[in-house]
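Below: a set of structures, written as structure tokens.
Two complexes are shown next, each including chain A; its partner changes from chain B in the first to chain C in the second.
Let's turn to the complex of A and B:
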């Protein structure tokens, strides 16, 4: 129960010292932005971005003080020596083909990827503890991200961003209407800002602009033993070819046959310039397949690989095994060239949404895409088998053992006929009905 | 008897023999669970443990404090032991071992100085006294070291001064005074009752018996500044300096009791869940005492759980009320505003309301810059921290002068009292855990007991016994460390996840597996045995009849 404090301050005598140094000006800042975009299909997309930026040395242990930056995440970063932490929770799937490229891509479900500092020696242990702590903080089952569906990335394509562009986004010139909410002329009396968007619906034959890179993935084949996993990569740029890094994480119970890996573009075979394959170990780690594929201009590239489905132990099946098992989306990273040339701008001054597309070269921008997750059926056993085994064993033991026992121990001796008895009377009744002489 | 029948009987008997001699032991051996042996008798012996808490007291007599013939008898040792009446299954006895001796030259010189503070400065030992021990100096009856009407003095470190008496029964009278002073500085019944609050039956709920924090290996202290109205108040607090200046010395003094870590945060737009009422008489807002318990829950979800450590968290909140609800006061049960404008909740932390001075609003454009007076705030928080740890005001004997506080805010013997209370609490917790574990494992016979669980239990039992020995011989520091180890080992053994294997193995599944196999096998054997027995019995009777 709470109680108010009594006047028991006689014990303490603190000397107030004057003239201690003023606190340094805080080094953290918060910026927030909202981008409202009309989509060709008639929907409206609202993208919120909140950025808290703090220049601090978070690695030192001991006393730590937080202002705008959240304390829970700051403590995690200093305790586990993290260099980068990316965590996303997504529901649904962004239809790139119809809505255009999104501002931020994330796979369906939950994704966690982390860069540890060089000082971390046991990465597996730190990873396990970190995923457990995060699942507690966010009330999500991140602790099921364990070694059976995690990989250690070795190749990094993304360079850190240094400049952004103001009026060229995603290769096409776009016009943004930017509202500054700190402007008193804009918001003087009311605290609301109402925006009305009116746009003309494009004529039916004018298709919405197709993004330069999009992908699809599906499973083909019949039956519950074999199958084929295919990924289609579409490069719709009219004249430029560009490389794409494809990362596939396939669970161990779909046994991939790498000798059946075929990559075809425009009907001809396409040899990737870099392949990294780490085979799966049963119940320990998944398959990791990473390839750098050059996509020719205006083409469809098909990457397909055949697999066999494994039979799991009967305690490893989920309560609803006929629903299927999920396969994580594959990750595509690419440097996509843009059509129009652009000029770099200092990214502190420009609006935040430019920082969503970090760029490296003069006319390329970096894109990360995720395909859809797949649902694959595995052969399920007959779960009533243990009961059947018990019945069968019981029958076999009773019949065989019983007969054997009888053979060894039964003896025959003459029995004197007895008169009377219920069985004899019943038998005579039946004999009389049949017309046979009685016993 | 025809040979057929004999052969049949022999075959049946052999079947039965093989089934019982070979089959039964094989089945038993292959289906037993691995259970390492545990010291059940030692664990049940722990419940009847007699704790003897020894406080070594050194009593130094100055030259004219007692009559001469009594001075001749020095040095010798007197023991004063009494049982602490608590309704607890462990008996606790408190033993003061007083070693009387004469004063040395430099001590005589120090005791004849003008004031007690000077005497203490001169008596300052080069090395610190051991934890738990006390030194009492007996001065002459008319000495001017203490004020005239004061009979005794309790110092900030482990020393005390008592007036002597020129009387026949000098040693007895002085002995009683010394025991009173020593009890105030070390162990009394309420200290132990508060420590064992979780283990004693709660007969009546008393507002004064606030429960102190549970004993733990360490604590995390979080200071949070809540600013619900950033548009009106731009609040700045130099928390780093305040922690370095005021909190860190206090925690360094407490470092024997556990590991401490401190952090702080600022939360914006965090409201209290309660609407304060307006008091037109003083044109201020107030929070009634009945509303205070409802304040904590809505705020706690914003405070953020501790991600980095497993230690319990103590939250200290500083709330700057909104402009619309300023000034805000907390009223106690009589309706008067509390002087410190703060309250605390046992085992959770404390909240203080900081009202912005109305002068800062004059002719200023919003938001006004508020600089928090950290001295006022830290005074309150440190006092609340002392109360949360259970370091309460001691019961000083009458006519006793209590010295002023040290600059860290904690007297050395207050730390000793905390360590005594914590050691007893740890031993009680460890004993309860081990007893429950032993009962559980004895009752449910198919829990697997692995070797490391067994070794933890052995280690916990050994640590409890060692801690009790150290307490009986007066070594407080090592007793405390051993008691912490006992609690850690016993909790580790109790919460080991391997104890859950085979726990939920239902009986009907066991029967469903065994009956189809064993029933068809056993029934013919049993029937044959019964038939053989009946026939043998009949054949024994027949020879009697024919004879």
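Let's turn to the complex of A and C:
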């Protein structure tokens, strides 16, 4: 079965200030992990994680010898003084509603997220160079990520802590078989290692637990003038309400009408406790809308805002303009209540496996969700021969029509020379008396 | 230009136009009709061709072999449907889930404005079931739809069977880059409308429905399927949608390509394709198909559930399996393969279908007439109204003014005489207002007053609506006897001339706009209304004019179209049948306006009927 699986590449740099000495064995290590999860839809999710860990300070030491850590990245990190670099490429979409929360969350498409060292003075310049270099390395058009589609969040919930808890979630007990493939004894003892995974489809009535928070986003309305962006936020927790931070970045060519922003839960208006809105500037920066919304227990909250589709300049249309324009996913960050009987495990040992169980500080765990990206059609001129012909014909018709209309509706009269005013008559009388031709 | 700006030459030209007016009008009208008839001959019809690159160059291999499975699904579905007496929602959900789709349901309800006697429904409530096949290669930004509308009768079971078998087959393939939505709707088009409105989160027709739980991005194309037997002799394709909208021609080309590839027999308007276009037979057969298409498009009703998708800019068509007594029969595998091929090609699309024609007429499946070639036909007919007659009346009015001025001798300071002009325009206000009010009454009263009518007369609601409609329509004919008392007639000829001038301009404008959006309707109305409108005047053989005017009124055109329609389908109507069909069509027209937003009824009642009344008024001007 084909698994719709995001392929995420995550490079974590842990820059500690540990003492080092040359006598020690190599300081870098590689860990691999694979978790195979049968999904209720009949698909199988295979999640791989490759972790290269290297305790080194690339900026200071001028490292020239690389063992496991990719040199291309290492040089990049030291050259641009990066503190953290997150880069993800995703194909497909992870369906949280049916498959539960994924191990590694990433939006569809590419996402680049960088923290520079304090020593970097011109961040814009570094960003531009870095994205260009990265797009070269990964053969992706990352260099198109510029100010028109990036944003700086103002409110950020802290990343998860480093201990995990595990076990019975919502009454369903999970049993896992764990093999340590690095254990040479196991591989040597069995002549060929075949791992067979048999999975029995659960009966219809035994649906897997639905995650407490999931979301859906769509464009409503029809026609090419207006539209509406709607986001549905589901809180399926039976009795607990929790706040969610919703971050929307909308490209400038969808002109948002902020007065139409409505948030309703259970048929009533829901007032967000925090709103940050930064309007778009044409061709410079996108709309940024950030809201902290309280989701009542067991409810669907609908966030909708109307927009008008802008007419672009004809050089601004991308190739294949009739495909439509993408709107990036909205990002949901929340501390979701957990119903977990807890048992702490060392997170460092096998992070992927342990993140099967929500990370928790007791009663909540941190979740970041991405909704699906949207495809919006803008009014698109016909970039073809007939279009040019129509333009030309219309011009000719307009010119001809104007003059014909003029001629047809205007009446022409021959102006008789008028006899003039009193002064002129008097003057003519005098002239006649003088025998001079009149005026 | 100099010709028109020089007053002397201009007057000469005007005289010429006035003298040659009648022959020019006749010539223009004949040219319009002749042009239309000539559309079926090869220089004007062209071969269809695929414009979209993404669908053209690559060929796909169809592997669908689930004929038995489809038949088994169909049998189960029919059995469950018979048992429950409605759409077996639970069974559909279970089956769709078992083939690996994400399944959702949507319930809807709608109270029709009055009982629909053709489909026997009034308070409608039902449930749509749809399953989404998630494409592994994309993030649910685009989707395709395969839909089967299920009515109250037990047809279309085979279509549901084929839909499920195709879903099971598609689920095993890895190449999908667009989500595919498999939709089964209840109460045929009502269900489709409810689903479409909920999908786009709009409410156009006052439908009550539950919100959709699952979506799959922007719908790129849709195919509706109607099959009621295990074997078919041919596949008929319907393109005409709501308000005469048509899908992109490339979608039709795609269907035709796969029919040819699989050796399937396909028909258009139930007619086989003529093979020989060089002799007269081919074009004559093409003319029959063309006329059928014009009549269908002019009716503005969706001919299949695909017609409702077109409003949302989703290219769609309906495929109907026909089982008649012909030699070659095809089973569900052949139909399934054609559908698989179409969906795989649509899956290749990079952009929305936009390359080929959106406005066309089809004399055969492989031949089309583009908008640039058929528009002159309507243009010639409108020329009769616009240029010649309006021009003639305008000039006559103008000449009359000049004639009035000339005996006075003194070249006055201002050209038109203000008093006479003022009276002329004021006299127009009453007939215009009254006829427009009549139109408004025709639009509003039948549905509004149905309960009053059922209380006082022994009729059902639907009958009441139709009879009120006819009564108001006929009452409009008595209008001139009411208005001419209101109208003070100072200048005898100027009054009706001014009224006719206004009516002609009004008619020309309306027909022009209609012909641009729905050519068939515009052309049909122009063919019938133009001659009578041009001839109407209060002198001469009035009875003859009146008869002609009544025969070409919008309602009479509808009746005539029904007879022509059945004649072309080779199932002629008797007079009584025709009348029954006419009454049913009136009720359907009103219903479709309220349920789907079809515009024919308001267009006729608020636009063309008042305009036609003005001509009636001109005819009986005193």
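Please note the rule applied: the second predicted complex is superposed on the first by the 322 of 439 C-alpha atoms of A that agree within 3 Å, B and C clash if a C-alpha of one lies under 4 Å from a C-alpha of the other, contacts with A are read in each partner's own complex, and residues count from 1 in each chain.
We adopt the following convention: a residue touches a chain if its C-beta (ideal position, glycine included) is under 8 Å from a C-beta of that chain, and two chains touch if they have at least 3 such contacts.
Just so you know, these numbers come straight off a predicted model, no measurement behind them.
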Exercise for review: Go through the superposed model and pick first if A:219 touches only chain B, second if only chain C, both, or neither.
Suggested key: second
Exercise for review: Mind working out whether A:139 is in touch with chain B, chain C, both or neither, as first, second, both or neither?
Suggested key: neither
Exercise for review: Please indicate which partner A:91 is in contact with in the superposed arrangement: first for chain B, second for chain C, both, or neither.
Suggested key: second
Check your understanding: In the superposed arrangement, which partner chain does A:411 touch: chain B (first), chain C (second), both, or neither?
Key -> both
Exercise for review: Please indicate which partner A:374 is in contact with in the superposed arrangement: first for chain B, second for chain C, both, or neither.
Suggested key: second
Review point. Is A:228 touching the first partner chain B, the second partner chain C, both, or neither of them?
Key: second
Point to revise | Which of chain B and chain C A:64 touches, first, second, both or neither | key: first
Exercise for review: Would you tell me the residues on chain A in contact with chain B in one complex that are also in contact with chain C in the other?
Suggested key: 2-4, 408, 411-413
Point to revise | Of all residues in chain A, those that touch chain B in their complex | key: 1-5, 7-9, 11-17, 20-23, 62-68, 70-73, 75-76, 78-79, 133, 136-137, 390-391, 393-394, 397-398, 401-402, 405-406, 408-413
Revision key, fill the gap. Within the complex, chain A is touched by chain C residues 1, 4-7, 10, 94, 97, 100, 102, 134-142, 174, 200-202, 214-215, 217-218, 311-313, 350-352, 354-355, 411, 415
Exercise for review: Mind listing the chain B positions that touch chain A in their complex?
Suggested key: 2, 4-5, 7-9, 11-12, 15, 207, 210, 222, 236-241, 243-246, 261-266, 289, 292-293, 295-296, 304-308, 330-332, 338-340, 342-346, 350, 375, 378-380, 382-384, 386-387, 393, 404-405, 407, 409, 512-513, 516-517, 520-521, 524-525, 528
Exercise for review: Write out the stretch or stretches of chain A touching chain C in their complex.
Suggested key: 2-4, 41-42, 90-93, 95, 98, 108-109, 204, 216, 218-223, 228, 230, 320-324, 326, 372-377, 380, 382, 384, 403, 407-408, 411-414, 416
